[in-house]
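What follows is a pair of complexes built around chain A, which joins chain B in one and chain C in the other.
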Partner chain A sequence: MANEDRERPVGEPPEQILKAIEQQRGAGEQRIAEQERVQYLGFYLGQEVYALPLRQLREVERVTRIRSVPGAPASVAGLVNLRGEIICALNPKAILSCPETAPAETSFLVVLRGSEEPLGLVVDSIADIYELSPDQIESPLATWPSERAQFFVGTVRVQDALMGVLDLERMIAP
Partner chain B sequence: MSALGLGENAPAHRPRPESGRAISLLLFEAAGCLMALPSAEVVQIAVSARDLAGPAEASGSLPLIDLNAHFAAPADAALWIEWRRGDRAGGLGVVCVLDVVSAALRALRPMPAWLCAARSTGPFWGVGLDQEEVFLLLDPARLPW
Partner chain C sequence: MVSPLDPFAFIGQFVEEARERLRSLDDSLLSLERDPKAGEAMREALRQAHSLKGSAKMLGLNDISRLVHRMEDLLVAAREDRVALDARAFDALFTGVDALTSRVDQLAGGIREPMDVTPFCRAFDALTGSSEGPAVPAEEVEAAMPAAPAQPLVAAPDAGTQAGLPRQAAPEVRRSVRVLVEKIDGLANLAAEMVIQNLQASERAGELRHQESLLRQLKNRLQVIRQGLPSGGNGVGSRLDEYVDLVEGAGRRMRQFVEEFSGDQVRMNLVTEELRQTVIGLTMLPLSTVFDAFPRAVRDLARDFGKEVEFTVRGRETELDKKIIEQINEPLVHLVRNAIDHGIESPADRVRQGKPRQGQLLLSAEQQGNRILITIQDDGRGIDPATLRAAALTRRLVSEEELERWSEEDVLGLIFHPGFSTSRTVTDVSGRGVGMDVVKQTVERLHGAIRIHSQPGRGADVVLDLPLSLALIRALLVEGGGELFALPTTAVERIVYVEPQQIRMLQEGEALEVSGETVPLVSLDRLFQLPPPAGPLLRRPVLVARAFDHRFGIMVDAVHHEQELVFRELRGRLRDHRSFSGATVLGDGRIVLILEVHEIFQLAVRTPAIRASAVRAVAREIQPGLILVVEDSFITGELERNILIAAGYRAELAHDGVHGLEVLRQKKCDLVIADVDMPRMDGFELTSRMRADDRLRDIPVIIVTARESPEDRRRGIEVGADAYVTKSEFNQRQLLETIQRLIGR
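Right after this comes the complex of A and B.
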């Protein structure tokens, strides 16, 4: 009986119990949030920074040559021979309706993981690796037109810039 | 001699080390791109479209497509390839002919889905590699003759 008395918090006011549960829940959520932190690769398209989860990427390579395909849509930059594998290189600037900028002197091919056929994104340069938790990602800007906003999970403020977090599945749906 | 016969006895045939079934391809450049078609379907190569029509076609006109113009590329055709498959035939205007190579069938890939979706890339049925270069496999039968 004595043990039962110790285990049961008899006499505690309901407010305190609720507060303790709330604190535990908060701590649990914090732990979950920490576990859910995801690594993202940040890259530049022109002056703008975008990000994709690292787990969705296979590798990043400096682009030496992109073979254009006559008649291809603007969303396809061309075909790349990557160590004997032919990669269809997409042009994210066209997909995301980014402002036209002069092509970078050296571009990078971000090769995607898990796509049905080898796909990559041609980007101007690599920014950094970012570790983000879901609560850091805010909704896409309301001012963006829907045809652009549909490709974003949201935005994150990094340093002084607004980084667009991309929805890869939507982007690569032909 | 303004025309060069190819057909199945293609000269300058460059064998490849790949094992298994292979196909002989004529590599050429057109519309700023490296393209290929089976050399068995190439009758001859001429510097002028007028030289393409052999005796059998002398009374008729061989349909011609300048691939540069077809794909809205600025270059002009400097060579013409006479293509024939069964009773279908035509002349293809190209910038230059590069080589005849043997490509392993297993090394050829279908066109990426992103390119299949575009109607304008319809004449291409696949992609392949010649050393470091990516080429497009052209199916002339899909061109609007």
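Right after this comes the complex of A and C.
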């Protein structure tokens, strides 16, 4: 146990991100709507940053062990034991047909909120929290093949880089 | 002893169910009214109506079942586009729901008189029949409807409600709440988590005990050093005295703490276990929910088949997991039907044989530990193995020479073969419904087993051996391709150890001979495309399992042990992943997938395309090693024996050294595990006597003892033990590894 505690700071999501997720719990949807600006969690898959609305997320945890399920579809990375709860961890890289990069030393499980079964996405690391207004989100690049474009609400330019805003419902549709 | 079924005993339950169904029906009708093409709403409405009709019929509430039946007819006609669901139709349906709701309220208030549903039924007939029979003018339908939806619908003035007040159900006697199954599952997960946390705490207590023994050793060493020094004075000696005292004090406090902690631990374990049992109990129902329908069914079946049957039900209060209860009815109905149809003879035949006219039929349930045994017993003609043999040969299910080798149990097992029936006359009942093969599959899916005993001419009994709860299963933990899997023990017949040359490579794939029968073999790592075990494995364990009445072998890297697992369903996108029936979380947090044996069998015969019966090869089954456990504590001995058997060894128990030597001289043992402190002859003595005996000299000995001092350890090695394991550091994995190292399997 002690060892693990010492390891924790390495690659742990920044304090303010966890706090933001915590605040989203129980935060009324109206409040978000009033502001017009919505908070997004940005995370890395390989070198690219993707984002999901914070209100669709339950928590972010460092992944220690993923139990692979032989014969499961490629979109399923495996099962993760999160404090006794068995969570089905999805592999977003397979879903989005991203190039499969070498597994990061520390990866994170982004646990989704309100899905019928407990679901999570395995991501390489956490980038930041972004506040975006709808007009900032541009439609997905026309050059993308439709099997990739279908999972995106659009893209956002963040510091000269393009961040893909994901459509969670489509991604987790079985 | 047919006890009359009092339908009113079930009214409370019915009221609860009916209210829920009527609410759903109402909702579905509303959705349908908004969108008459909503297929899902139509299906749901039909489902609710159908179930409601069924329940009402069972309780003899004919007014309700009649009315629901008409509503169902109208919906079916609409689904088949024979009738359009127009405003009139919806008015009629909603009026029907209202009438039913008020009737259910009356039932809740204790009013038993049926309501007059004829006018309602006539209205529905008019709506439904309009396409076939003479067209009914709209006015007539409206006139036939006894009450417009706007008017309050009180069918009986004495409905227990006062005029002018809104309808209100009388308070019910049943004290129960409805809880979503998911909430209970969540609770069960938490309880399981607590059990696991507790196990971890127990392990920590073991570590503490070890630390305490180290402190004691430290003190002993200090004392030895102290004795070598001059006493008294202010030199090193007196300072050492001080240290000895300090260490001794620390040791004492530690010992006390460990004792108290262990006490807390034991109490905590008791509470946790009880909590877990209680939570499991939340999803249990008494078997009466299934059994109570049988007296009536038996009466009707007996009449249909021209038999006279005295029927006895026992153990209807026995509780069982709701999920099992839901699935066990159909197999039971089939078995009871079989007993009446094929088992019990006609009264005339019975009298001719000197039996009483009335056949005896018993349906009973009893709990045995974690299992429930349900028995269906009759005193009829029994199952004649000769008839089964003949039928098997006629149907060419098995060759004559193979059949000769079969045991009586194998022959009786034939009746589970798909499409196997020995009834000479095909009756309308035995031609329908589930066959015995389906009975068996259902029972096995529930992690149960089915056994048949028969005495020709005297009767037969079928025993369903079911787990108490699906939440807990006994399973073998096995390793395949570097991953842990669990296989329910009910599916495993035995474990054999196999050398590579025993495996036959056939065109269809691999096969293995197990006691004269050639069975297909599948290895877990290859099946799941996992890496093969590292290093050359001279012998690999094979679980001999049974599925669909076929034996087959599952080769694994290692068999760890048998244990009780908390079963968790795989949900969502993995629900249809048939290779695994569920998952479990181990004490160390690892997730283990639970193998579904039928699916593994199908994968096994699909992948290398083996057909179980097509395989012919010879191989010799290796007897697993025989290990003698010499231990005077029965509990410890049994524990060790079970660990060994679970790991695939054979094991014998001797209660002291003298007894141990006797056994060793009679049987060829491959290894001895001995305790030290035993009456008559201790483990050291036993070991040195073995080393002095030419025939026993080479048998490896492992000493497992509570004696932890280095002197004892040294003595153990001196007398010739091959390994020395102290009980405080005892863990089965280490023991099994030691055995494997010593005898190489």
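Simple rule for what comes next: the second predicted complex is superposed on the first by the 140 of 174 C-alpha atoms of A that agree within 3 Å, B and C clash if a C-alpha of one lies under 4 Å from a C-alpha of the other, contacts with A are read in each partner's own complex, and residues count from 1 in each chain.
Keep in mind that, in the parts below, a residue touches a chain if its C-beta (ideal position, glycine included) is under 8 Å from a C-beta of that chain, and two chains touch if they have at least 3 such contacts.
Treat the numbers as computed from the prediction; the structure is a model and nothing was measured.
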Three-chain arrangement built on chain A, chain B and chain C clash or fit: clash
Partner chain in contact with A:83 - chain B first, chain C second, else both or neither: second
Contacts of A:70 with chain B and chain C, given as first, second, both or neither: both
Contacts of A:170 with chain B and chain C, given as first, second, both or neither: neither
Chain B versus chain C as contact partner of A:117, first or second or both or neither: both
Chain B collision site on chain C, chosen from 163-171, 361-369, 487-495 or 685-693, when both complexes are overlaid on chain A: 487-495
Residues of chain A at both interfaces, chain B in one complex, chain C in the other: 65, 67-73, 75-76, 79-81, 84, 86, 88, 116-117, 119, 174
Complex contacts: residues of chain A adjacent to chain C: 65, 67-73, 75-76, 79-81, 83-86, 88, 115-119, 174
Complex contacts: residues of chain B adjacent to chain A: 31-34, 71-73, 109, 112-118, 120-121, 124, 127-129, 132-134, 136
Touching residues on chain C, where the partner in the complex is chain A: 189-190, 192-193, 196, 483, 527-530, 568, 571-574, 577, 579-580, 583, 585, 589-593
Of chain A, residues touching chain B in the complex: 65, 67-73, 75-76, 79-81, 84, 86, 88, 90, 116-117, 119, 174
